[in-house]
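Multiple structures are listed underneath, in structure tokens.
First chain A sits with chain B, and in the next complex the same chain sits with chain C.
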Partner chain A sequence: MFSGTMPDAWIVGTMVAVVGGAIGFFVVLRGAAFAAHAIPSGSFAGAAGATLVGVSTLLGLGLFAVLGAFGIAGLSHRGRRDVGTALALVLLLGLGALFVSLSAEPASSIFALLFGEVLAVGRGELLPTAALTAVCLAALATLWRPLLLASALPEAVVGARAVTLDLAFLLLVALATTMTVPVVGTTLIFSVLVAPAATARSLAGTPGRALSLSVITALAIVWSATALAYLTEWPIGFFVGSLGAAAFLAARLGTSPARAGGSRRGSRSSAAQS
Partner chain B sequence: MGAVLRAIVEPGFFASPVVRAAVELGGAVTVVAALVGVFTVLRGQSFAAEAVGDIGASGGSSAFLVGAGPLAGFVAFSAAAATVLELIGVQRARGRDVATGIVLGLGFGLTALFLYLASSRESASGATATILFGSIFAIPATALPLVLLLGGTAVLLLAVIYRPLLLVSISPELAAARGISARLVGFAYLLALATAVALAAETIGAILSTALVVGPAASALRLTSRPARALLAAALIGLACTWGGLLLAWDSYYWPPLHHGWPASFFIVALVVLSYLLAGAWTHRPGRGR
Partner chain C sequence: MSLGGDVGLRVQDVTVELGGRRVLDEVRFELPAGTLTGLIGSNGAGKTTLMRVILGQLSPTRGAVLLPDVAGHRAVGYVPQKFLLDPDMPVRGRDLVALGLDGHRLGFPLPNRERRRRVAEILRAVGAEAVADERVGRLSGGEQQRILIAHALVSRPRLLLLDEPLANLDLRSAREVVDLLARVAREQRVAVLISAHEMNALLPAMDRVIYLADGRAACGTAEEVVRPDVLSRLYGHRVEVIRVGGRVLVIAGDSDDAEPSHPHHHDGAF
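What follows is the complex of A and B.
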């Protein structure tokens, strides 16, 4: 399990989990799961387009992830957020269908991007992924305080600043997408972005604790999924998706009786003492 | 005049049986999706529509595993997804987004597994493309009765719950005061949505079905706030997009670079987004006091 190219898969999986868990904290806090689904899925069209014109897949993914971020912000302007997100997504996917149809390449190589294959990670993908991880985490650290305020207290940050921060957040998701999609597929990054952070949110009280718990949960999920995928040869996306749902369900079931019994804070501190 | 018409409508469009089937089925599915979509947009459940469609794709792919038709799988899995969404409480606005996301992640996982199992048993790279992107020109005309039956069921369900649903969607407090169960109405609506999405997924593909549910309805609601007018406008806009997209796809057989036609899904989605932008421009046009 740790020989051959497997060490690369473990390293890349770890980086994906750290970035996904950290950015997922804001995805859940802002209720932006739809955007976190739309940007990676839409970036699939970029990969198809890159194959068509013969440039690097990473470039196409990055371009369309950023287009997706601007598309969501633009189409949501003066309208409903969920409608804007849905339309940005379907527009990008429509382009993807066009690119796939125009491309002479067999479609199966492009469809590999939908579900990804972390076990097939090559040495060449290690360095770009590490570089983008560093950029992601640095951007997250820079934006931490203003984004936390804008997300937790939307009334406190209004006007142009709120719009800028919203766009910054969407671009952060786009950056994470660019880095992770070639490695883990458009569907896996979504599970890594939402499930661990949602689990952490129902367990932890303070932002700092929720952030670290989210990263730890993401690591646990991705590592177990990698091991299970290696052992069974089933697609890793299946394990990440089902483990994520299981973790979320367990956290919800674990906290709901306590929540019914008294104040949330009281039940949490008593749980911490026991 | 005749030459202009010939340039717009390439010869043979109305004569081809494939096109006739696509126009009839596409039209029926579009109207159902547009009607149901008005409430999707009103209730802010676009993400649920997208999630149910994507999860329907696992149904489509698993039906393919047991040798059944994809439509049966689409419908069964979409209905199951709607039930799970209801159980974990997507009705409550808070946490709805995340709960939908978790269910979607699970659905994607299952899709990955089913596609993997399918492709390891037989060559299925083409099946993947069909399930996800659909092919409106590949539907047999014999599917029309089934599509009409399911579409009719969705519309009938919508008609039965129309008044309470409208009240619950627009003013939950007033609905509660009148003793209407928001949960029951919401669940019935999710089932209608699941049926409509499954049908749309069959026509333009699982991923692009969102376009037909959300797009025409959102455009219509930008133009009018009256529910009955919005339903009519959504159906008309949807039909214009679908039929316009089919026509363009037919014309594109003569376009460069490959001369094998551009996908109808692309044209339909492009027209849907265009209609949304035009509706927004119309509503916010200068001189209108808003």
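What follows is the complex of A and C.
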């Protein structure tokens, strides 16, 4: 399974996991799981539109993901943003329905868009994915501190700066979406963009450790899923989805708040009193 | 235009109208460096609005705010009235305080001994060292308050604004926080402005008071401002001030007795 087109699948999968795990850290920290779902789902319309007019799927995905990011930022009011996000999602999905019905695309390629097909990832996707990975990681490293502060203590970062950081974050999600959808599909992006970071958050108590653990978890999920998909010839989406959910649930059960919180608290207060 | 070394803040005739209502009405005062000032007023008096104007989050309808200008770091520290720290987020108090130092800077932070030392020093100063390595969202309200004070102080601001910092604290913690802030004001030459709807916790430590009522302000020392004549004029109806055992009670008198043209009005403190 390391021959033929497989090495490309492994390399693309690895890049997707690294970027997804890293950006997922902020998705979970900002409570933006819905936006991280809406952007990829909306970008589905871009992919459908791209096949309709005959340009690269990646281009369509990227364009509509960015559109989705601006839509969510523009339609949301301060504070709660679920209505604005839903609105942006519905607008894009409506377009997607139109594009799909207009194009004579076989159902299998629609299925691939929805649920991913890492094994079919080809040479052509290698370079764009690498470029997107570089851009995402560079942007993340640059914005690390301002974004961490604005996410952890939103009250400390207000006005134009908060709006800019929020838009930057949504655009990062859009970039991550563009490279991730061809691998795991629009519907299962949760497993790369949310599950690893949510798992890591339960286990690691500092930003640096949670970020690292999120990337490691994403790598473990994507690698295992790729191997299992190859061996069983079942869709990768099934494995990515179930492994993501399993990791998250295992971490949740392993660190139920009553147990973890209780013991640490006890040791601290006794130390303070002695 | 900015301020010289011994003034922490100058508010010049600030008027704010929001939704057709005058929330602040020609408020003017100055905060000397190294002093602690109480911003006292009941709910809706305009305390948070005044702080937002000082922070530049809200532009006044008229008037201006002059701030100290310090090259290289933020000159104003702020602890908001309302904040919500997610209990599950993987961020320690220590991380939040470090972000107070350089959270506005771009780039990934490299390990830095000086940064760590500054953070540890300020955590010790606010008495939050013991809880600094817990997830900050899981700390008690008072512990979070201290972490936020450290977050605001660590960049060595010239002006520190705290919006109702005592609201969630029990009497003893409130006293400790006030003592801490008074010490910070003196030792680090910071002008500290604390809002509260009740002034008694602040009385022992407060150098000056700004009393807000219906958007208007009276400023001076507690002796100058917390008097029946001054407060009656501020409120526009009769107010009684009762001092018992070192505590002050401000009681609205019967409004039928209001006497706007009372001959004994005191003008000094406005």
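The working rule: the second predicted complex is superposed on the first by the 245 of 274 C-alpha atoms of A that agree within 3 Å, B and C clash if a C-alpha of one lies under 4 Å from a C-alpha of the other, contacts with A are read in each partner's own complex, and residues count from 1 in each chain.
We take it that contacts are C-beta pairs under 8 Å (C-beta built on N, C-alpha and C of every residue); 3 or more make two chains touch, one makes a residue touch a chain.
Predicted model only: the values in this text are computed from it and were never measured.
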item	value
Combined model on chain A: chain C and chain B, fit or clash	fit
Which of chain B and chain C A:Glu155 touches, first, second, both or neither	second
Which superposed partner A:Gly205 touches (first chain B, second chain C, both, neither)	second
Touched partner set for A:Gly31, first chain B, second chain C, both or neither	both
Per-residue contact with chain A, leading partner among chain C and chain B	B
Which of chain B and chain C A:Leu143 touches, first, second, both or neither	second
Angle at the Cα centre of chain A, taken between the Cα centres of chain B and chain C once the superposition is applied, in steps of 10 degrees	90
Contacts of A:Arg80 with chain B and chain C, given as first, second, both or neither	first
Closest Cα approach, chain C to chain B, once both complexes are overlaid on chain A (Å)	6
Shared chain A surface residues [contacts with chain B and with chain C]	31, 201
Chain A contact footprint on chain C (complex, rising order)	56-57, 78, 80, 82-92, 95-96, 99-100, 102-109, 130-131, 133-136, 138, 148, 151
Contact footprint of chain B on chain A as seen in their complex	28, 31-34, 36-37, 41, 75, 78-80, 82-83, 85-87, 89-91, 93-95, 97-98, 100-102, 106-108, 111, 114-115, 185, 187-188, 190-191, 194-195, 198, 201, 234-235, 237-242, 244-245, 248
Chain A residues touching chain C - in the complex, by the definition given at the top	29, 31, 141-146, 148-149, 152-153, 155-159, 200-202, 204-207, 209-210, 257, 261, 264, 268, 271-272
Of chain B, residues touching chain A in the complex	41, 44-47, 49-50, 97-98, 100-113, 115-116, 125-126, 128-129, 132-133, 205, 207-208, 210-211, 214-215, 218, 222, 257-258, 260-263, 265-266, 268-270, 272-273, 276, 280, 284
